[in-house]
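Have a look at the structure below, then the notes.
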Amino acid sequence: MTMADISRFPIPDIDSLPEDIKARILEVQSKSGFVPNVFLALAHRPEEFRAFFAYHDALMEKESGLTKAEKEMIVVATSGLNQCLYCVVAHGAILRIRAKDPLLADQVATNYTKADITERQKAMLDFAAKVSLRAADLQAEDYERLKRRGFGEEDIWDIGAITAFFSLSNRMANLVNMRPNDEFYGMAREPRDA
Amino acid sequence: MTMADISRFPIPDIDSLPEDIKARILEVQSKSGFVPNVFLALAHRPEEFRAFFAYHDALMEKESGLTKAEKEMIVVATSGLNQCLYCVVAHGAILRIRAKDPLLADQVATNYTKADITERQKAMLDFAAKVSLRAADLQAEDYERLKRRGFGEEDIWDIGAITAFFSLSNRMANLVNMRPNDEFYGMAREPRDA
Amino acid sequence: MTMADISRFPIPDIDSLPEDIKARILEVQSKSGFVPNVFLALAHRPEEFRAFFAYHDALMEKESGLTKAEKEMIVVATSGLNQCLYCVVAHGAILRIRAKDPLLADQVATNYTKADITERQKAMLDFAAKVSLRAADLQAEDYERLKRRGFGEEDIWDIGAITAFFSLSNRMANLVNMRPNDEFYGMAREPRDA
Amino acid sequence: MTMADISRFPIPDIDSLPEDIKARILEVQSKSGFVPNVFLALAHRPEEFRAFFAYHDALMEKESGLTKAEKEMIVVATSGLNQCLYCVVAHGAILRIRAKDPLLADQVATNYTKADITERQKAMLDFAAKVSLRAADLQAEDYERLKRRGFGEEDIWDIGAITAFFSLSNRMANLVNMRPNDEFYGMAREPRDA
Amino acid sequence: MTMADISRFPIPDIDSLPEDIKARILEVQSKSGFVPNVFLALAHRPEEFRAFFAYHDALMEKESGLTKAEKEMIVVATSGLNQCLYCVVAHGAILRIRAKDPLLADQVATNYTKADITERQKAMLDFAAKVSLRAADLQAEDYERLKRRGFGEEDIWDIGAITAFFSLSNRMANLVNMRPNDEFYGMAREPRDA
Amino acid sequence: MTMADISRFPIPDIDSLPEDIKARILEVQSKSGFVPNVFLALAHRPEEFRAFFAYHDALMEKESGLTKAEKEMIVVATSGLNQCLYCVVAHGAILRIRAKDPLLADQVATNYTKADITERQKAMLDFAAKVSLRAADLQAEDYERLKRRGFGEEDIWDIGAITAFFSLSNRMANLVNMRPNDEFYGMAREPRDA
């Protein structure tokens, strides 16, 4: 693989990057053992890089009524609907890790209505799918359905905002033709302990 | 109008907000004469507010091969396709101002292929519409078409990234049921000088 | 603007037109202060012109259970869904006048589900949207829903027939590439009295 | 069959109708041997009846660069795309008569791209299909394609206007749940002379 | 008509075919008076021919909770939705024969929701339409609706499996551009005895 | 996992099955180490089971201008477009094995236009996608495009017929809610030798 495979736009040399961006990249590399290509592809525009990851962290890292696995389900399900290869493969790996389940990500990416998830989680993904594909049609009943499943107002914001953020992310990945790192495909696929 | 009309989520009291957010809101108020509701609605989540406007500014305020009016055309055209009332009305006003043209925003929001714009600008909006509605189908030919119209690689990133950002923004506005301020509707509608 | 901007088909000289058509055009000019382009564009075919306006008047001018503003809401909402620039802009102006509301037309054109209208009017526009976009799927329940909102059988015919007529009108406007007169854009946009 | 089967709206008694409408109905009855239900269903609203048939005649009866069979092909093809039972069955019969071909109507209604028609006629129906289903996307190239097949500007108006008129007609038929007369189904189905 | 009109792929000489296929073709010819083109077109691939008709017979010939006419309704309705000319015309003829009704096939092919069928049969076709067009969205409620109409589990399998088989068949017919025999169009169109 | 998880219809006891079906199931079990659920789910109907696998083998096992990996690409790509969980997961595993590539299946299932395949294979999948999603629109140009890429007429039949067969298969899997065996998810995911 060459740099040209990662993105159709230029990939900056890591050493030429602003210190904060370089630090973020080295941190993720030391934690994951490799640099996910989204960091390299978006580093082409440092200001946008900073805003992207600040937004990402504000949604994905903070305490929430949703578990980290549930947040990744939203990402994987809506990225599947948007046919975004990078997000399905990279966040599929993260979902397997977060959910400690080697099967869930492929299920959610292909057809979340058939996945091994709770009815509550299906309602969550129904709402996310609607925000992703036809947000203009959201109506009072959609919010009520989530509340009947025990989601609070802040949870609803989280579901919608994560979906909205990955609507941006899916489009950036397709715009730059972002290639998922080979490492993601096989991560966390070892069978569950019975 | 009450606060409840602005968003289905709580609107914080401005004085209770972190200093940087409060400052940003007061600045826009002093410049525009009113506070656009997007600032109030998103202030419900300060971290996300900061990332949202940092991203916005990185794309919309920086120097670029696109004029400021062209950037707003992208926003208005794709927000029209997504039936996002807040973005069509608020950015429609900004487009009238930037383009010094009272007719253009309604044209672009309703059907950009009939708007009084150049063939180059139509190609730009064709690309933006594809990123907005079916980014997964982008192919080499779509980029080539822009290049034949004189757009460079950085311009293409700008077109795609602005579209991607407003894909997020349109979904947030529909999620919170964001109401455009009444002031926007009539702004900059005085006839052009002949 | 030249004649060529009004329609892609020839625009007849007013003095060459049959007397009844000429009279109709002069009447609307004296009432509005200008000749809406639909009269000039359709005058290319006098027989069709006569039938078009006879149909229009039979639906839009007669007494009805719908107010004149409600009829225009139907026109603007369905023309927005059909991305018909002429009808959105021209009937948007008429809606602002009929409803004495400077905001309503832009709301209804962009996303009527977010407009400042009653639940009854939303039900009316839901039915109109279905007639416009997928009339073949109309079923008993759609009519029942209108009746529960207080609409009678004749009102239902009116809603459906106005929608059907503007399905024709939207297609004619797009076929001839009909340009809205500049005058329409800014009409009746002065703020409501509080 | 009872009157209630013809339309979900009331069917007036023929003798109670205005003289001109009564005369028109009796004339078609004497010519066809029965009264096509569209005359009975639309007579519920005499003003609209008059405009409807005036418009119909202006398009379908006048001299044109299109043959009468070609006009009916447009009606049948677009009514098939709109799943309009009345128009497919009634105009299918008329097409069989006009084209002196017992097979053509079923072909055109089901999938005109597989019908026994000329390439020129396919181009005509491609244009009609676009006017019917997504007129907002019409562009210069669509008109050029017709011209390369030998259609003139007036022919293009005819194709588009007939399509637009039956967009209205299809919606009215679905709105009133108009039932095709049983007589239409079997008309003109005798085999062609070899 | 020449062989080339039947399929875009080669049509084998009947005498050159394996005995079992030849026998099947001669049997249908002696029963119908002609050889339906599907037998000629698919004989190009004997193994696939055998599997196709074995599958067809397993579904269409066996005893079932559905009548033979109901099975043909499923074929005609879903083939209409898929715009498959061969299947609409050939199975339309079979439906007229099975149902002893000259009108039903055209109704079901054009818009089954307007056809002269029972509410139970409409529910059956709603399910078939969903299996044909968006099977991935099937949910528990769809099966429950059929059960409330008196369909058992085996009936549901039949409805779904017939639809699935003709999803294959429709695609094969379009792939090879299969032409319906002229004989089918006019079969069984004589009026019902009153 | 219980039997109920495999299908919403009954799963027969293997020993109660006809000898030929039992033999086929034991053979696949001895080869794969487990019984893929499609064999158990379809054994509910022995006649249909036999036809299904005879059709499958006629297409997938025979000599062809397509490689076995290419055939599986068609299955995985179209099953992804149809959101069929069973087929994506089971045939994804087979594709990894046939192509000796651990990444390809996830790429093809999510968005084949971004997969590591040749331009010729992309053309093959473009054709398959059209057969799967809108076969009625196939036209001469679609076949020409394949021929320019070196595909012969028999290859085109293979591409189309495999797609048609899995259009059936995808619908059956969704109809019975067929669950992929857990074993498939992780098969053949070991990294390629560099």
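Each chain carries a letter (A, B, C, D, E and F) given by its place in the written order, and its residues are counted from 1.
Here is the rule we go by: a contact is a pair of C-beta atoms (placed from the backbone, for glycine too) under 8 Å apart; a residue touches a chain by one contact, two chains touch by 3 or more.
Since the structure is predicted, the reported quantities are computational estimates derived from the model, not experimental observations.
S.K.: When every step has to jump to a touching chain, what is the lowest number of steps that links chain C to chain D?
M.R.: Minimum number of steps from chain C to chain D: 1.
S.K.: Spell out the chains that contact chain B while also contacting chain C.
M.R.: Under the touch definition, chain B and chain C have A, D as mutual neighbours.
S.K.: So what's the Cα centroid distance for chain A and chain B, whole Å?
M.R.: Spacing between the chain centres: roughly 24 Å.
S.K.: Roughly how many whole angstrom separate the Cα centroids of chain B and chain D?
M.R.: 44
S.K.: Calculate how many whole Å lie between the centre of chain B and the centre of chain E, each centre taken as the average of the chain's C-alpha atoms.
M.R.: 51
S.K.: Counting only residues that touch at least 2 other chains, which ones in chain E make the list?
M.R.: 83-84, 111, 136, 177
S.K.: Hey, which chains are touching each other here?
M.R.: Taking the chains two at a time, the touching pairs are A-B, A-C, A-E, A-F, B-C, B-D, B-F, C-D, C-E, D-E, D-F, E-F.
S.K.: Quick one: in the complex, what on chain D touches chain B?
M.R.: Touch residues, chain D against chain B: 136-137, 139.
S.K.: Can you list the residues on chain E that touch chain D in the complex?
M.R.: 80, 83-85, 88-89, 92, 102-103, 106-107, 109-111, 114, 177, 179, 182, 185-186, 189-191
S.K.: Quick one: in the complex, what on chain F touches chain B?
M.R.: Going by the criterion above, the answer is residues 111, 113.
S.K.: Mind listing the chain A positions that touch chain B in their complex?
M.R.: Touching chain B: residues 8-9, 44-45, 47-48, 50-52, 54-55, 58-59, 62, 82-84, 131-132, 135-136, 138, 143, 153, 157, 160-161, 163-165, 167-172, 174-177 of chain A.
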